[in-house]
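Each in structure tokens, the structures are laid out below.
After this come two complexes, each holding chain A, first together with chain B and then together with chain C.
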Partner chain A sequence: MTSVDLEGKAVVPAKPETIADEIVVSRHSGDESYLNLVWRRFRRSVAGMIGLVLVAMLLIMAVFADFFAPLDPKLTLLPYGPPTTLSFVDADGTFSFRPVYYPIVETGEFDPITFQPLTGPDLQNPKYLSFFVRGWSYKLFWVIDSDIHLFGTADGGPLNLLGTDKFGRDILSRGIIGSRITLTIALIVVALTTIIGTLVGIICGYLGGRVDAWGQRFVDLMLAFPELPLYLALATLIPVTAPSHLYIAFVIGVLIVLRWAQLSREVRGKTLALARIEYVRAAIATGAGDFRIVARHILPNVMSHVIVSVTLSIPAIVLLESFLGFLGFAVKPPLISWGLMLQDTNTFSVLGSYPWILSPVVFVLITVFAFNALGDGLRDAIDPY
Partner chain B sequence: MLRFITFRVLSALPVLLLLSLITFTLIEAPPGDYADIIKFNAISRAGATEQAAQAQADAYREAHGLNDPLPLRYLNWITGIVTRFDFGHSFYYNRPVSEVIAERLPKTMLLALVCHLLATGIGITLGIVAATRQYSWVDTAFSFVSFLGMTIPRFLLALIILYLIVFKLNVQEIGAFFSPKYSMAPWSWEKFVNLVQHIWPVVFIATFGGLAYNMRVMRANLLDVLSSQYVETARAKGLPEGAVIMRHAVPNALHPIVMYQGVALPYMLTGEIEVAIVFTLATVGPALVGAMTVNDVYVASSFVLMLAAVLIVGNIIADIVLALLDPRVRLGGQAE
Partner chain C sequence: MTDSYTAPVSDDRADLGTHGRELILDARNIGVDFKVEGGIVKAVRDVSFQLHRGETIALVGESGSGKSVTARTVMRLLTKRARISPRTRITMSGKNIMALGDRQMRKLRGNDVAMIFQEPMSSLNPVYTVGQQICEILHLHNRMSPAAATARARELLEEVQIPEPDARLRQYPHQLSGGQRQRVMIAMALANRPDILIADEPTTALDVTVQAQILNLIKDLKAKYGMAVILITHDLTIVRQFSDYVYVMQNGEVKEHNRTEDLFAGPVHAYTRHLLASEPRGAAKPLPEGGETVLEGRDVRVVYTLKRGGLFRPNFMDLVAVDSLSLGLKRHETLGLVGESGSGKTTFGQALIRLIANNGGEIFFDGQSIHDKDRKQMRPLRSRIQIVFQDPYASLNPRMSIRQIIEEGLIVNGIGATSAERVEWVRQALRDAGMPDTILSRFPHEFSGGQRQRIAIARAIALEPEFILLDEPTSALDLSVQAQIIELLRKLQDEKGLSYLFISHDLKVVRALCHRVMVMQYGKIVEQGPVNDVLSHPKTDYTARLVRAAFDIAA
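For the complex of A and B:
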């Protein structure tokens, strides 16, 4: 006992400096090995790796959407044209390396009951699928003129692998290009909610006292709202006549208002726990300012939790956007999003006759799956110690 | 204990009041009211002239107090609720809002409760099965199912199932609780079977996600508990494995599940609402969406208020159960 006391006394004058040095050194080398540890653990989760690859592919698809989309998303063809099927067998039954398909045309006959014009494959006109073809022109990164597309028909004829919608626009191309708006909405919302939620959470948790009490009461109120009805109420606030970019800003704003509270609650809990841990107390004892403590000691430790919550809330936003689209509160028509494309699926008769208009669901499902798998893997890997 | 409950209930009241104010303002804020819908319908359906329709709309506004300023309307509405339990008059249904609520809210609550119980029961059972057979193929299969349950969006699942049963299985009368011949019949076994035939998709979809969450939480907890010393002791003194798990491990692993119920209730309620909107089942969901689109203010705000009250009550019940189970919670609450 006495030796400890003696040692403690002897060390006191030199303590602050040595600790400060140690922290700086160990933090620096610790950072890299931490990332390595996380990566090593993450690689072991199969679902996580699949998620990572899918997310990477989705992002690439969104960035180079024009290149991947075979048709101009605004080009109108036959309304509600069924999907064309590709096959490797020619019209005369021989095997062909190039996938062949028959474009859908109106047959000139009418449905005996509905009197809708009947459509069907034009067997006289086989067309071949080609890669890196010239098609509709677009601007890569809004600057570089280009008209090269990953695939399409050699002569630029229509190819609707997922069919067409009510105005005869290619669903596949619209889905690929729609990923941009949907993912942009998700990323902006998640970025802003993360910033707001983390800030509020850290401020409440760190300052405590009256700020915390009132802050948490406000968060309680936000969380007491039933989410969906509040969303609908806020969505009806958006003026229908607003121009499309203003409308999308409204949608983003509404989503942010709804989603920051949950994260701030979690971050506050973490901060509360962290503020009582020895190294934060030590930092207070050495006279570090509030800002330094928050920025250097608390924020880095909260970050892992925040990153996981970011990956897991992206699919939630994508989903909410598509559900709102289904209810009729998606972005406005010149813009394309998955939610907007699902708008027509809430009419049973349309859905029954033309089931392929459901196919944007596949995009949403893949996105939700990819980000969830990534987030799941990250959550297990983020705490490797 | 009584103090704990009274405190929780009393502190919920101001939240509800503020919530009702915000909801009412939000719903009333956009321009236009129900009289505009009447005017529109009078012109487009009844072929009235512009002036006649306008006069009709003005008369309606006068009769239903739609010309009053917003704060006054809110005050009238909220004092009606507090003093007479009167939620106002529904424009769209043309009868008291309380009737509309009484007709739909119990159905939603019952459905959500059934889903909730199913999700908890099945989820816990599957969790126990998975945890006691860790890393076996059963565990892997269940983990996969739970991942699917948590990942597949409920409204998309509802949309796909709706498509399959309506257009592939040719089931009619989607969106009703009964076939026409049973709708007026007294309760009987056949009527119950008929009910189940109509609502199973809603129950199935809303249960699926909750089940997955419960199973995950249960599996993780049970694995933690199973590696603790008293389980080892129980095994060492020669108890059969079944008794070790059911008597010693499971009760202790249930604790976080109870804590989680407060979060699970809103999840199940939202699930039921989402699926009911897709299926247009005559519960709260579609009524709420409908009321929002036609500016039926009192219906919309009352439903939001009721749902919020249900959520708050659910949270209080979860807190009470937890306090009953764990003295640390109720004592901790007083100590702070």
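For the complex of A and C:
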């Protein structure tokens, strides 16, 4: 706490200055750890708390995606089926305690102009929504066999809350399962860019001199690349027939190469300032070596900046993935990602007739908002001193 | 000493009605609360004061006493988190300030009341010229034509005695010195001839020798315009020489108020007495004859190469920060190194202990040459040479606990075999520095400036050094804390036989602590000798000015 600003001056009386020889240790709190302080400040930010809850929900959803997805994402039903509507009132107007819906089926008639088969609700065959139902089988954590799902119909009938795509696959289930790939890409890219960026930044900022000059010119070069054209050019390097896992690894690699430079520049700036601060000089004066100074004095004080940067760059990668996926350059089937799902929306006439295929956008929106809000809250809270 | 004196302070002035001046500001029961983490801090409680035309009142107190908040309440310049108590009544020339709307308040500020702040750099906008900024004020309040405003701005700069006012009008704030910037701030404050000038620590950020000039300027202008001045300061020397009436504040309350002469002659409240007794006093114990030399520097030179001009026509210029200086420090001795900011004293000090590389000369520590050692070779010597920095907020890593901070030097130097043994060293160091040894797991932000400085001293003495470089260790501290730290340093020197190189600009502290003193200016030593000789018979003008600034501001 500095006493330069008005607030600071006003707060000081809570910690009375010593008078004569009597030492008064600050009245406020006992031993409060750093994390406690951050948490206390973080709780004050409403948006930050909403972000935290949403991020937690997203991560849980991604980890237990099979449990939350009501239908097998590869199961094909009626193409471009509209979203089913749940209702507490069934077709005869009587109240039903359990939500009821009518599955969409082909009516057997054809559109007189386009000769497309017409679809409509099957009023003879009401289905009731149940929780913890048995459905398609999956392996929890790749090991445990299970077929329990959060919700669905008791007899496993189709429930397409967000409609189906052009092959008749359930969009909601695919969105939930697709969060895995999208978030995995984002987390791996951000984790590796953060490690590389922080290391390069600290090395440049701490060593200074020639290392810094050349290191930063290299960073300049990386930052000067036009990201998107370069990315598309690199994407053509990989054969179309390559397996989808290899393809995704390549995508992640390219994203890392293109994105570490920004953080390294920020970290270098902070390190430059920290390397000249008095507590670092005091450590040199006690005889501490370079490694100790970096590990104990510089890194912990740079971390707050890095953590905030992490939470703010995750949504950027999610957005980039959805954009590249839309162009068809991010993830190849049979893997599922939000970007890949959005590729279906690239024909205007299809989008006009079946607007529900845009619903992966909602997943992206929520994710971006959640991480951004979390990052904003953290930024305000993370430097409590 | 405790606050045993609790009799209520009367709201009315001790000299009420005896001087016959017109009352222009009457503040009653100012109360300000701040909402903070986990509750409310009462920053100011029931502060009342009166201000008459043509006089200067001083609000005196240590940091956190609420003096600035009180002044800002008068200007209604508090942040949104502040809540002003409903009992507050502030009457200015018959108007109740608390009832005014924001628009009327804006008109009042600058026209009737003006304020100058501590830091003249951040109060001026760096992207506009001085002339533009003064003219803006004239234009806002008086709707002057540009030509008339410029002419008036020039007049104002002349009044605040800035040399070459025409040239200054076209200059940017960074081209002026700190003292000149403060003069520009005063010119801006005077632009609309206010009745009241609030000066919030106007000279704290300035060099000691400039301080006197600025305060005298305020005094002259006050007489010329018949203004009243509210002077906010922690410096009792300033109060004594520049104010007519004093309000002593502590923890948001006025503890005592009286005419200046009466207050200094007979302080009633325990806190006032404590403040008055905090002036650094005493002297260093005489040195035993013929002690051995601990630290010696011969012709030490530090040169910074500055690059001017562009990439294709580089023009390198050498700035000689330390110009071939020599120094010898004996065991148990305290040597003062004084000078204005920019005189090179800190650079010299840090070069002597090899925290800054020197470009020439020889340095010997305990007979060993250290000028030719690199950082690795210096390590075995580091535990014997320590440093305490000026700013206790920057010199302790906020992410480390007190134990980690003090223990680091022990680990690095391999002192103490086990963790338990090291903790015992840490506890002992804390006790030696006058801190309780129960604070091991706390973090620096939980402590006040004086306590932090004690922790920094504990870090230095934990290694049992022979020599400590004290780089202005008291200048960021309140007066009464300053006195305690001086006392502590003296005690430690006595007990442990330390040698100090004491860097300071404050000759009062130097007199209380040092055996010898060296006066630096522009990287050169202009005068040196035993502290009493130099301070009582300065040979150069520069030293004489420093001495006057410290002991007799008005002269």
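Heads up, the rule we're going with is that the second predicted complex is superposed on the first by the 353 of 385 C-alpha atoms of A that agree within 3 Å, B and C clash if a C-alpha of one lies under 4 Å from a C-alpha of the other, contacts with A are read in each partner's own complex, and residues count from 1 in each chain.
One rule holds in what follows: a residue touches a chain if its C-beta (ideal position, glycine included) is under 8 Å from a C-beta of that chain, and two chains touch if they have at least 3 such contacts.
Predicted, not measured: the structure shown is a model, and the values here were computed from it.
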Which superposed partner A:292 touches (first chain B, second chain C, both, neither): second
Chain B versus chain C as contact partner of A:283, first or second or both or neither: second
Which of chain B and chain C A:326 touches, first, second, both or neither: first
Which of chain B and chain C A:40 touches, first, second, both or neither: second
Which superposed partner A:300 touches (first chain B, second chain C, both, neither): second
Most chain A residues touched (candidates chain B, chain C): C
Contacts of A:119 with chain B and chain C, given as first, second, both or neither: neither
Touch list for chain C against partner chain A, complex: 1-2, 32, 34, 36-38, 41-43, 62-66, 68-69, 72, 78-79, 81-82, 119, 251-252, 271, 274, 350, 353, 355, 375, 378-380, 382-383, 385-387, 389-391, 393-400, 404, 408-409, 412-413, 434-436, 439, 441-451, 456, 459, 463, 478, 480-481, 484
Residues of chain A touching chain C in the complex: 1-4, 6-7, 9-23, 25-26, 28-29, 31, 34, 40-41, 277-279, 281-289, 292, 296-297, 300-301, 384-385
Of chain A, residues touching chain B in the complex: 47, 220-221, 224-230, 232-234, 236-237, 239, 315, 319, 322-323, 326-327, 345-346, 348, 351-352, 355, 358, 361, 364-365, 368-369, 372-373, 376
Residues of chain B touching chain A in the complex: 15-16, 18-19, 22-23, 26-27, 29-30, 147, 150-153, 155-156, 159-160, 163, 166-167, 266, 269-270, 273-274, 277-278, 288-289, 292-293, 300, 303-304, 307-308, 311-312
